[in-house]
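Each of the two complexes below includes chain A, the first together with chain B, the second together with chain C.
Here is the complex of A and B:
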């Protein structure tokens, strides 16, 4: 039985085990049918031309973990932003860990999706928001079919969330190979502010494939800073499907730091429904060995007077491969738009590959849209300059790589996170520099 | 200190330096002048270790040790400093962080511990004052958006911080107005002592009014064709290079 068949047959058991009156019961059934028709994407699909899931799908992936595993905080402390106080929504093998989490219902909800799906008082919100901004593609449908757990965040009007929220998914390796379908629903009310950090972390060398879906609703004048840390073990793969709907005057920034994992695919979709929205998409990708990261972004400009800024930097060593496929779609009504997209890449090794493909579809006539893409090596003159000052070759290269990535880091608004990312970059590049990064 | 014997070098099949002999003692200031394309900058880059050029013949001895096979950073650790004609812009690295890294990497190579932060700060302050550099300038990205004059002043600031044995200043005067030139020259003069030496590469005699050389050499077509004292520089300023070409031919 291949994975698709396994998933479809597992779904029947899954639905049986859930309560029938779930508000998303019908959605799940529609979604599994959609997945059954569409199947997993292949390289024949234009959007998947440079990323193949074949080798991942051949693994004998378990669809449900058989046992619950507990982990000690001290063993995983380093994966949290432990220097500061945060809200935490933590899952172990897809199951909520109350022990590791720190949630709240005081004046806002920072908790679990399973709770929101099962309690009556959340029903209107689920009906209004759940599955409302997603694409009907096969992987999103697959996640919808199996959606039962993830983060649920509801921030009411005018609320400034005083500390960041961490959403962390741990995998213990309790199964030889596991597939997970976490589902996050985040609603940030009018004029509310929030900072969110999301990471997926494997704790063993057993294979894991995560197919995550996040829906984020940014209401009028809200401000959202979202950070995704992708620094997983070489056996872990992630397909991240994130959908963001922005209402007027909202500002949403999303940073993706891709330093690890086997295969990472980021399907990041922004929809600007109101005027004067600002969407900021930034990424640093540093890969080695046979790692693969695919950034597939869409910014859909629907309303006038909006802005979007995309800035993705990639450093590729060994036989690593990267993809940047950035689409900006401008509707006829989206006049006076200012959209900017940049993708710069450095190939360290002769065997590394990057496929960079900007896609601009513009139906409005009074817009400013620019894009740029570079693929190059480290600047030899700059290397000589640094070395002539006594900085060794390895350190000089590191300094240049750091400098290359640095302007993406400047917009990280949580100082402790910035330090953490700096350290990750230094470690990834393999040096300790003579100053505090 | 520096002893260069019959140095031939070039790129691929093109010879640029065609047998240079050049000798510098501690405490001396040498000026190398010459028309465009005579090989002056190549000569400076080769001493600093630029790998784009291949040395085909000859020796470069620093304190008796051949440095031809040494990496640029090793030469820097031994006390060679090149002030670049065109300093490279490196966005994302501040002047301060860059100089700290350079100093501590050099100390590490000598088996020393990092310079204590307080000491480093004091030194940065002192040297910045010497070159009349605004403190704000130090937290800017290295050379990014600097004017020509700021870049050159930043080079001399690095020279002051690293205190090399042999400083080679490649066209440091170009892009400087007269006030900046005086500040830079004053900085270089204050750093001079009986143990170090300076090699000035320049088109113009102007700089030599402020940093007075002990010897002036004319580099032409990859060779030093004439050497003399500072009076030679005045003669070149007045008469140009043609008379030397004639002399060489004859």
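Here is the complex of A and C:
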């Protein structure tokens, strides 16, 4: 039985187990049918031209964990941003861990999707928002079919969330190979502010495939800062589907830091429905060994007078592969637009590969759209300059790489997080420069 | 004086008819419609081809039958019915002429309307013209001058008969029969085309030029061009097209193969101005072309194209940079207006060490047209120190057209240096205002700005072509103020 058949047959069992009156019952059934028709994407799909899921699908993945596992806070403390106080929504093997979490219902909801799906008072919100901005592609449909747990965040009008929210998914390795499908729903009300940090972390060398979907609604004048940290073990793979709907005057910035994992695919979709929106997409990718990271971004400009900025930096060592597939789609109404997309890459090893496909599709005439893509090496002259001033080869190279990644890093707004990422980069490059950027 | 408004300009543009829309009535020797093995054999027989050529065509035909029409291009059109096309048509009087006086006067008249005066070109431009009118070469000039240098410039059917060893060696070596749907179709049914061979160390003294022209109603034109530049030689080749106004869609699926051996250089320039369809999007030529060049050591291939015509264009002149230190260049202006659709670009495949490529693409869309750039830059693991620079600029005029960019960049070597940039913009109101202020009317101002926008590419064209290309830009573009 291959994974697709297994998923479809497990769905029947899953439906039996859930209560029938779930408001998303019909959605689940439509979604699984959609998945059944489309199946997993293959390299023949244009969007998956450079990324093959075959090696992941071959694993005998369990769809549900058989037992609950507990983990000690001291073992996983380092994965939290423990220097500062945060709200935490923590899942262990896809199951909510109240022990590790710190949620709230005071003036806002930072809690669980399962709670939102089962309680009547959330019904109108679920009906208005759940599954409303997603694409009907096969992986998202698969997630919708099995959606039962994840983060649920609702920030009401004019509320500024005083501390960042961490969403962390742990995987303990209780199964030989597991597939997880977390589903997050985040609604940021009018003029509200929030900072979110998302992380997937495997704790053992057993294989895991995560197919996550996040829906984020940015209402009028809201400000959202979203950070994704992808520094997982080499056995863990992640397919992250994020859909963001922006209303007028909202600003949403999303940083993706991809340092680890076996295969990581980021499907990042921004939809600008209101005027004067600003979307910021930034990423640093540093890979080694056989890692593969695919950034697949879409910024869909629907309303006029908007902005979008994309800046992705990649450093590739050993036989790692990087993919950047960015698309800016400008509708006819989206006049007076300023859209910018940039992708810079450095190849360090002979076996590393980068495939880049920055696309523009433009139907409006009064726009400023540009994209740039470069692939190259560290500047020999700059290296020489540093070395002639007594800086070692390794340090000089590291310094240049830092500099290369810096303009993505400097827009991180949480100082502790910036330090943390700084350390991650230092470890990844293998030196400590003794200063923070 | 009444103000000349944007609306006036748009109206004037819309009513501007295709200047070269006429149809020459020449009796043609046309095959029945449809395609099967017998037709392929009949074409081969008609051309008095040797057995190996017939077999080659049949092989292509058989693989074509297994293939499906590609759909990935960013264009929509009604697919041609391949069984409803006549695959061979040749002007009736097939005798070869030594002087122009012997040529059918009606045919000459056609060329005069197009502004291609043979005499003038002979005298002034020094261009040897191998005119292809509906598939068969009817006049070849300057052949004797070229022959002295050992240059072979003739129709491909003639080359198959007289230089089979060259044709056999090189045909299909760059674009194999099974390469793609249209290349396979072309390989099976190609009717004629040009063949050019420059011997070792010879610098071709003049620009070689072929004027293509689709003439017969309902006739697909399947040209096959093969240019071979032997070691250390140089040639500049020009190709230009105009087609009469017809209401049904005409299919054009050409294949061009360039082979530049060690230290050779080929410069291939195209001006394409086929009938783009009426302003309501009716009719027009389907242009599905496969063009590819192969560079050996230190060789250079340069493609320059000005695409203003055709209802649907689907064309990617490519360079395979196989030899070390080889160079590929691509300069393109693609203009679309009304309901035209163009999906065009290039492929630069870097295989050898120290290979370099440059891509400059300028897309201009107006009316309700869609203009796409689609390009590939591929650096293979062994291509040390490869260098690429790509620039794709789009200009949008009006709010009903689209400009798209689909660059593919695949790099597997750390020493590669790739730069790609693309911009999309419109003609600035301040630029137009500046011109207006100095007494240049809006229409002229736009022509001026567009010319400036395309200058980098226009500069790459040979003199005679550059003039024609500028004229074409004016016809298809002037106005449509954004």
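Here, the second predicted complex is superposed on the first by the 434 of 437 C-alpha atoms of A that agree within 3 Å, B and C clash if a C-alpha of one lies under 4 Å from a C-alpha of the other, contacts with A are read in each partner's own complex, and residues count from 1 in each chain.
Following the convention adopted for this analysis, a contact is a pair of C-beta atoms (placed from the backbone, for glycine too) under 8 Å apart; a residue touches a chain by one contact, two chains touch by 3 or more.
Given the structure is predicted, the values throughout are model-derived calculations rather than measurements.
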{"item": "Partner chain in contact with A:161 - chain B first, chain C second, else both or neither", "value": "neither"}
{"item": "Partner chain(s) touched by A:406 [first = chain B, second = chain C, both, neither]", "value": "first"}
{"item": "Which superposed partner A:385 touches (first chain B, second chain C, both, neither)", "value": "first"}
{"item": "Residue contacts on chain A - larger count, chain B or chain C", "value": "C"}
{"item": "Which superposed partner A:351 touches (first chain B, second chain C, both, neither)", "value": "second"}
{"item": "Which superposed partner A:369 touches (first chain B, second chain C, both, neither)", "value": "second"}
{"item": "Partner chain(s) touched by A:395 [first = chain B, second = chain C, both, neither]", "value": "first"}
{"item": "Residues of chain A that lie at the interface with chain B and also at the interface with chain C", "value": "none"}
{"item": "Complex interface listing, chain C residues touching chain A", "value": "72, 381, 394, 396-426, 482"}
{"item": "Residues of chain B that touch chain A when the two form their complex", "value": "48-52, 71-73, 75-77, 81-82, 84, 87-88, 90-93, 97-98, 100-106, 109, 114, 158, 162"}
{"item": "Chain B-facing residues of chain A, complex", "value": "379-382, 384-393, 395-396, 399-400, 402-407, 433-435"}
{"item": "Chain C partner contacts - residues on chain A that touch it in the complex", "value": "46, 50, 332, 335, 345, 347-377"}
